[in-house]
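The block underneath contains the structure these notes are about, expressed in structure tokens.
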Amino acid sequence: MFPPILLEILVLVTGFVLLLAESFSTSTSKRSLASIGIFSLGWVFALSFFVSSAPAAVDAGSYWNFYSADSVSLLFKRIALLTTMGVLVMALDYESVLAKNIPSSRPGAGTGEFFILPLFTCAGLMLLASAVDLVLAFAALELVTISFYVMVAYMRRSHASLEAGVKYLILGALSTGFFVFGITWIFGITGETHFAKIALKMASVQHSDVAILFALVLVLVGLGFKVAAVPFQNWVPDVYQGAPTPVTAFLSVGSKAAGFLLLLRVLEPFLGVSSLAPKILLVLAFLAGATLVFGNLAALPQNNLKRLLSYSSIGHAGYLLMAVACVGTARSGFGSVGSTVGFYLFAYLLMTLLGFIIFSLVSTHSKGEEIHHFNGLAKRSPLLAFGLLVSMSSLAGVPLTAGFYGKFLVFAQAVNSGHWVLLSLGVVTVGAGFYFYLRVVAAMYWNEPSESAPIPVSFLTKTVITLLVAGIFFFGINPKPVLAAFQQTAIQSAKAPSH
Amino acid sequence: MNQLTLNHYLLASGLLFALGFAGVLLRRNIIIIFMCLELMLNASNLSLVAFSRFHVGADGLPNYNAQVLVFFIITVAAAEVAVGLAIIVALYRARQTTHVEDIQSLKF
Amino acid sequence: MLTTLLLVPIVVAAALFMGMGCRRWAKYSALFQLVLTLLLWLGYNQDKGGYQFVSSSGPLFPGLDLSYSVGVDGFSMVMLLLTALVTVAAVWMSPVIESRSNLFDGSVLLISAGATGAFVAKDLFFFYAFHELALIPTFLLIGFWGSGERQKAAWKITIYLGLGSIILLIGLADLLLSIPEAHRTFDLQKLQEVAASHLIPAVAQVRPWILLTVGFGILISLFPFHSWAAPAYASAPTPVAMLHSGVLKKFGLYGMVRLVVPFLPQAFTQPVLGTWTAQDLLLAALLGNILYVGLVTIAQKKLDYVIGNSSVMHMGYIFLGIASLNIVGLSGACLLMFAHGLSAAALFAICGALREREGSLSFERLGGAAKTIPFLGICFAMATFASIGLPGFANFASETMVFFGGFNPGASTFMKTTTILSLWGVVISAVYMLRAYKAVFLGAPTNASLKWTDLEGTAKFALALLPIALLFGGFFPRYFLSYLKPTLEAALR
Amino acid sequence: MSPILFWIFAALMLAFGVSVVVNRDPVASALSLVASFLCLAALFVGLDAFFIGVIQVLVYAGAVMVLFLFIIMLLDLKAEKRRHFNKLALAGGALVTAGFVAGLVRVLSLYPAGNQPFPPLGVAKLDDVRQVGMTLFSNFNLPFQTVGVLVLVASVGVIVLSRRELK
Amino acid sequence: MESFLAWLILLCPLASAALILSFAHESKALSVKISLGAVGVALAATLFLVFNQGVCQSSFTWIDLGPALRLSIGIKVDALTRVMLLVVTGIGALVHVYSTVYMEEDEGKARFFGSLSLFMFSMLGIVLADNLAMMFIFWELVGVSSFLLIGHWFSKESAAKAANKAFLTNRIGDFGFMSGILLVWAATGSVEFSGIQAGLEKLTSNPGLLTLAGLCLFCGAVGKSAQVPLHVWLPDAMEGPTPVSALIHAATMVAAGVYMLARIFFILEPSATALTVIASIGAITALMAAFMATQQNDIKRILAYSTLSQLGLMVAGVGVGAWGAAMFHLFTHAFFKALLFLGAGAVIHAMHHEQDIWKMGGLRKSMPVTFLTFAIGTLALTGAPLLAGFFSKDAILLAAWHKNTLVFGAALLTSLLTAFYMTRLVVVAFLGGPRTEAAQHGHDCPAAMTVPLVILAALSAIAGYEFFAKSIFGAEIFHKVHEAEHASIVPTLAISVFVIGTLGAWLVYKGTSVAKPAAKMTDLPKDPVVIPLFANKFYIDELYAALIAGTQDTLASLSGWIDRVILDGVIVRGIAGITWGAGYALRLLQFGNLQGYAFLFGTGVVVLLYLLTK
């Protein structure tokens, strides 16, 4: 059994080594960097099953105060690793587009860092997964955010990429401002930054409700931005559309997963306080409802698939928030909210990644992102079409796919908590979802292609697609491997503070 | 007036924060907007330091955890400025503008 | 055994999707399904009753009793037989497909597999999930290979059913959560025992009742959620229309009997809307199916729409049987599911065969076809007779039970009135079905119809299976009831 | 810190803050920013956070302002010809800001701890640097390392984004 | 033994139908053999039962749901059953024989015989049924077989229409019948005749319910026996082949209603209201149909209306409490009406499917056997003394005389009219000279057709006599026939109306029998109101057509419109449209301006702030 921090260290070391290699190598092709990255991450992923998982003890040695390696953290680390691997695979296929959009004298130059930065992002996500202290959480979150700033704006010849970069930068910094202000207040009220200690303080010390709620609003704003909750979602469609597709996928999965994990961890100490919990949950429900409706309905008239997926990403944030809004109020049953969110994110990882990989391939090849560029894909490239079909079905929540399980759990949580208004919004949005997701399927299967040549797909990509499809079905039938992580989880419900 | 309380600092900090936020909403030059964001971050720092001084520990020292956090925030802000300005420069090179109304091609 | 039954069509479908195999594979798969189902049917010990051929994977969900487990009791056995019969007829009668026929056949098999799965599932989750397996294939099939306004119809059915299933999902969750935690399980067999101990208080039954009834109701095309059905069936390719109206739609009814009746019996008598009880509302809705949709059917001028609407109308009878909440009505309803499945499938099959011969199915362009295509004519006549409830066919036996059930001495006045009014529906259905039969098969042959050729070879046998099964059921309803009775008695306990 | 000093520095800080927001000339804005931060540093010192005050001066006056000015020069940004605040933006911005301030004031008024004076320190003389350093390198080592990586990423990013011509 | 025979009677025709329809539908000869064999066996078994006065009861369960509901297919042979059995199998057998020739050239002969066997099965089922549910089953089945047989020549638009009409009209009656069964079942807990009888007091304790149940059950008879207002199908049913008309639409199926009423008389008896209604409907039917018959030109239609009228008489008989008399009339009527139809069939056959009596004439000479038998039939029907009809009609009249003067009057008038229109038929068709080419070349048919005529003529002559009828009816039922106290005025009146009617028609129509161009032959006397009213069947068909168009079709198109426009268009599409529109509107929030986004962001913050800290 290895110490869990080894995982982050290995990822970072890989990053350093590749950085050095990039600067000293004379080779024009940077593809091998990505391959090494994927390979290493794969090893780290494998290793993650052999680390000793242990939750952080509050008063253990100073170094580990902030770092928890419970099974939930491990699950999220794995999510991060898988996402990054997927992103790197996509990045390989995306190289041609990238090279065209970087001002350089030689093709392929300047792409190297694009393959390396995700490793650092990944490390940031992994650290975030383990962070049980606001300081580490802040540091790790900013590591992730800053690397995203760079990656989003990476294609300097593409006006869209730059515009997305600037928008993300400004709004991201704005949200960071709020987040930091919120942290400040939390610290100010409790005098602590460690979640568990905050919880203890909340349970024992007299405090001012209004001040705490003020702090929480600010934190919620910051995290709401990360998870794309309405009304802090504005950046999402524009940035997703402008960013290089692999980065979009990364943002959509990684950033969101991080945001939700942090949201749960931050809220946990406060939901235990009976005078606060109803108000917090009300706000969460409000956010959830707005997010659900906005994300899913605004996607209806969308013709650009990438933008459609970004609205869809908002919509899914809505479902996740719906689950979060159930924290602590539920009659018992159907596992914890944490497990619901965790599984949903995991499922979301599989299906979104699959969708983006195929989208990236097809849009690169047919030079367009509109839905009509996917016309007749079933005839041109059946595998891609089937993959996208599975991805869209899963996103829409068709049973026997992982996406359905996620949605099932969310709805069950909401029923359990009696959120009937949210549920009725949920019904409408699921209906809308069926429409816009299946529009893609309809284009692929009903329409005739404008050109018949199949789209070339590398072996690696094919393998990844197959694995993702298999994963979607497997976890759509048997969610146990993922859910098991939450059996002895810290994020249970507010009723039982973790330590 | 005679004795400084925590609220004095918090109010000052809050006003600075609001000022920064107002700047973000009003100014159209991205660089200025970015400066305003720095104002907001530093407003938090003021609060944090005030809280740090407020939470005197059993050992009679201010709560240094908060000061460390301030240190991190300053560092992060600096890094953010660096990257942000690089992006702005890249934007300027490509589009010869740093105005927000010139970058709204991505919409709806 | 049951897993094999389920996996064979899925595997064959997968193979077909990957471009392997050909149409014959699909046909053999369907045949295999029928043979295996018949073996199961004969192997099922109806004296013992209960779930048999059970196998389970062990829990799949930490903390919850959810597992992949299959098993059949008498009721699911009957539904399984229906599935197998209709599948064989659908696959073997399937029209010639020029474009991407592998995808077509594979999708059809998937629909069948979905239905099979829903009926063999012994776990609530998989019961629900398998039903939805058909959603996407249906969408693809109607949209690409359908006729008329196919894309519009495909969208409509998909979104409508999608909405229905999500409401249903919420209802199922609500139902499960209403059960005290110690008894909560996804296992249908255990649920049956739980239901028998009536753990849900009467007042708490109303909300899940409404959710489930609306959810299932949408899937079953209960009035006023029926408007998706007729256009979808009219546009759908023949096998889809057959499987969907014949088998898949029964899923909702199956669910009503499996879940609503045993768990929420007291909800029926709880006031919901003013002084109207849940039962009253259901009765009003089913009258909408029988009388209103019946009249709508009379107004149709195309064969496919007549049959599509008639299929909606007949759901009313099944609901009447369910609403009566007694063994007589419930048995009638269950047998009627079987009977209606076969007769609707037969009608759609013939409708499809006619469409292959004549593009439009509007009455003014058809006539006198019995001269040139007597076999289809006879089958159509038999299916018509069956569907309008003539003795000799299973439909009659079951409708009789439904009426007796609805008119049982303990029934409320509204219930009895509804039964009598439903009885009038039998007249209505005779009006439109005979009108349709006359318009298509009787009278002077049209020029076009003189060139038609009758069904050939295996397709003939495949089609004939359906009326034969109907006759069998009509003559020996007891045989089927011996399968159904233990389940239904348990459900009513 | 004596209240007088607090009032002076706080007022100056806010005044320069206003100047950042309203100044037409970017250079003036940048200089106001630094001035504001210097006042902030003074407030830090007044709160016995000497080390942080020093860092504030070093980082902002020394690095960040230079960076801003450098970029302003590099891009050759001119002062805006006229102060064209969009009326709508002005109204909206004012409204939102006012709303936020109102909320804040309300929270402060309801925050009991806020009305208490600062407790006296238990030691006569603070060895501030040592204390911060100890905390940073012991308890906060892991976040510190993380921030280190962050800085690395930022520098890589800056290089990537601003390389003019690639090899 | 008895029950075996009874089952044999029931199942033989079923087996025949199944065999013919599934295997022998390609071979005419084989199907004829099978069918004849089946009916022969049935007849033989029936004769055995009749002569041995066999009684039996046996059943097997069809639907078994424990105490809640148990429906069985059961047979019960008693005196009443035996009478009907004999009528059905006897006439059935004759019609089968007759049909072998009559349908010789028809390409659907196999189908015809299959359907005929199916009919035999269904009809025998009604007769043998020991419970209402089973009776209902076979009730419906005779409807089907009648549908198949009426629509035998389905390529003919009118035949297809008539088949549908017959079926649907019957369905309406069956709706009432089933409702009645449900009412009775709900009250007494049984559908078996014996069970109902046992639980009858539960029903009689509630007179309103009793009357309702009785009338609902009667609805079935109204449909099947073509009573007003559901009589419209029977004349149209003449589109079927003539043997079918003879068997189904004259002798047996249409009489099933009367048989059913006799069976359930014990339910009707306690309700005076129900009986009065039944008597009135019967009387009205009898009278109306007789009026209509006087102005028909189609030989089969005249007979059809006559059937209607006689059925009305029988129903009126039941209504006045004389179910025995009604059954007796049913019995005799079956023979002479079958005879008349088969005779008409012979004429039609000979005339190459000409049915207009005005295109006949003088057939007396060319078709002597047919004429002779037809004349016997006519006399029997019109109530000529010493023939069968006289006795049975007399029994009904007698009962009515004691019970209900109005009914009696109607019945008497009906008899008068019957004598009139039948004489008119005979005079116009058979006497005088031939009016057309075809009529000149008439000829008697082959033996297979004439022998049944002769047999039936013989039976028509003797069926009314006590020695014959009693041997078949059995003593205890025959006693019911003549329950009513004798009143000598009744036969006197009956004979006088017979004489008046016959003479009247003779006088009116004998002049027309001189060979004249057919085109000029019209009915006499001229009258602008009454005659068209009779000729057009009181415009009831038109009334119904208008009624259906006015209610059902309007409702249907209204519902169709609501479904299409309101439900699907406005509601479903409206909801979809609103959702889509909302999506479109929400999308506009993504207007691309960074500061706008920041503003929204800030608004969000403020809103949350107020939500939480308010």
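Going in written order, the chains are labelled A, B, C, D and E, and every chain counts its residues from 1.
Assume a residue touches a chain if its C-beta (ideal position, glycine included) is under 8 Å from a C-beta of that chain, and two chains touch if they have at least 3 such contacts.
Just so we're clear, the structure is a prediction, and the values are computed from it rather than from any experiment.
K.L.:
Can you name the chain whose C-alpha mean lies closest to the mean of all the C-alpha atoms?
P.N.:
Chain nearest the overall C-alpha centroid, as shown: C.
K.L.:
Using mean Cα positions as chain centres, tell me which chain lies farthest from chain A.
P.N.:
E
K.L.:
A-E versus C-E: which has more C-beta pairs touching?
P.N.:
C-E
K.L.:
With centres defined as the mean of C-alpha atoms, identify the chain lying farthest from chain D.
P.N.:
Most distant chain from chain D: E.
K.L.:
How many angstrom lie between the CA centroids of chain A and chain D, rounded to a whole number?
P.N.:
Chain A and chain D have C-alpha centres separated by 31 Å.
K.L.:
Taking the mean of the C-alpha atoms as each chain's centre, how many Å separate chain B from chain E?
P.N.:
Distance between chain centres: 96 Å.
K.L.:
When the C-alpha atoms of chain B and chain D are each averaged to a single point, how far apart are the two points in Å?
P.N.:
5
K.L.:
Using Cα averages as centroids, what's the distance between chain B and chain C in whole Å?
P.N.:
64
K.L.:
Among the residues of chain E, which are close enough to touch at least two other chains?
P.N.:
587, 590, 592, 594-595, 598-599, 602-603, 605, 609, 613
K.L.:
Can you list every residue of chain B that touches 2 or more other chains, as numbers and ranges?
P.N.:
10, 20-21, 24-26, 50, 54, 65, 68, 72, 76, 79-80, 83, 87-88, 90, 103-107
K.L.:
Provide the list of chain D residues touching at least two other chains, using ranges where the numbers run on.
P.N.:
As it turns out, chain D has residues touching two or more other chains at 89, 92-93, 96-97, 100, 103-104, 106-107, 111, 113, 139-140, 143-144, 147, 150, 153-154, 157, 161.
K.L.:
Among the chains present, which pairs are found to touch?
P.N.:
Every pair of chains meeting the touch criterion: A-B, A-C, A-D, A-E, B-D, B-E, C-E, D-E.
K.L.:
What residues of chain A sit close enough to touch chain E in their complex?
P.N.:
166-167, 170-171, 174-175, 178, 210, 213-214, 216-218, 220-221, 224-225, 230-232, 234-235, 237-238, 279-280, 282-283, 286-287, 293-294, 296-302, 428, 431-432
K.L.:
State the interface residues of chain C toward chain A in the complex, per the touch definition above.
P.N.:
Touching chain A from chain C are residues 17-19, 59-64, 68, 100, 103, 125, 128-133, 135-136, 139-140, 143-144, 151, 154-155, 158-159, 162-163, 165-167, 169-170, 173-174, 176-177, 181, 184.
K.L.:
Give every residue of chain E touching chain D within the complex, in rising order.
P.N.:
Against chain D, the touching part of chain E is residues 595, 599, 602-603, 605-606, 609-610, 613.
K.L.:
Quick check on the complex: what are the chain B residues that touch chain A?
P.N.:
Counting only chain B, the residues touching chain A are 10, 17, 20-21, 24, 30, 33-34, 37, 40-41, 43-44, 47-48, 50-51, 54-55, 63, 65-66, 68-69, 72-73, 76, 79-80, 83-84, 87-88, 90-91, 93-95, 103-107.
K.L.:
What part of chain A is in contact with chain C in the complex they form?
P.N.:
331-335, 378-379, 382, 386, 389, 393, 396-400, 404, 408, 411-412, 415-416, 423, 426-427, 430-431, 434-435, 438, 441-442, 445-446, 477-480, 483-484, 486-487
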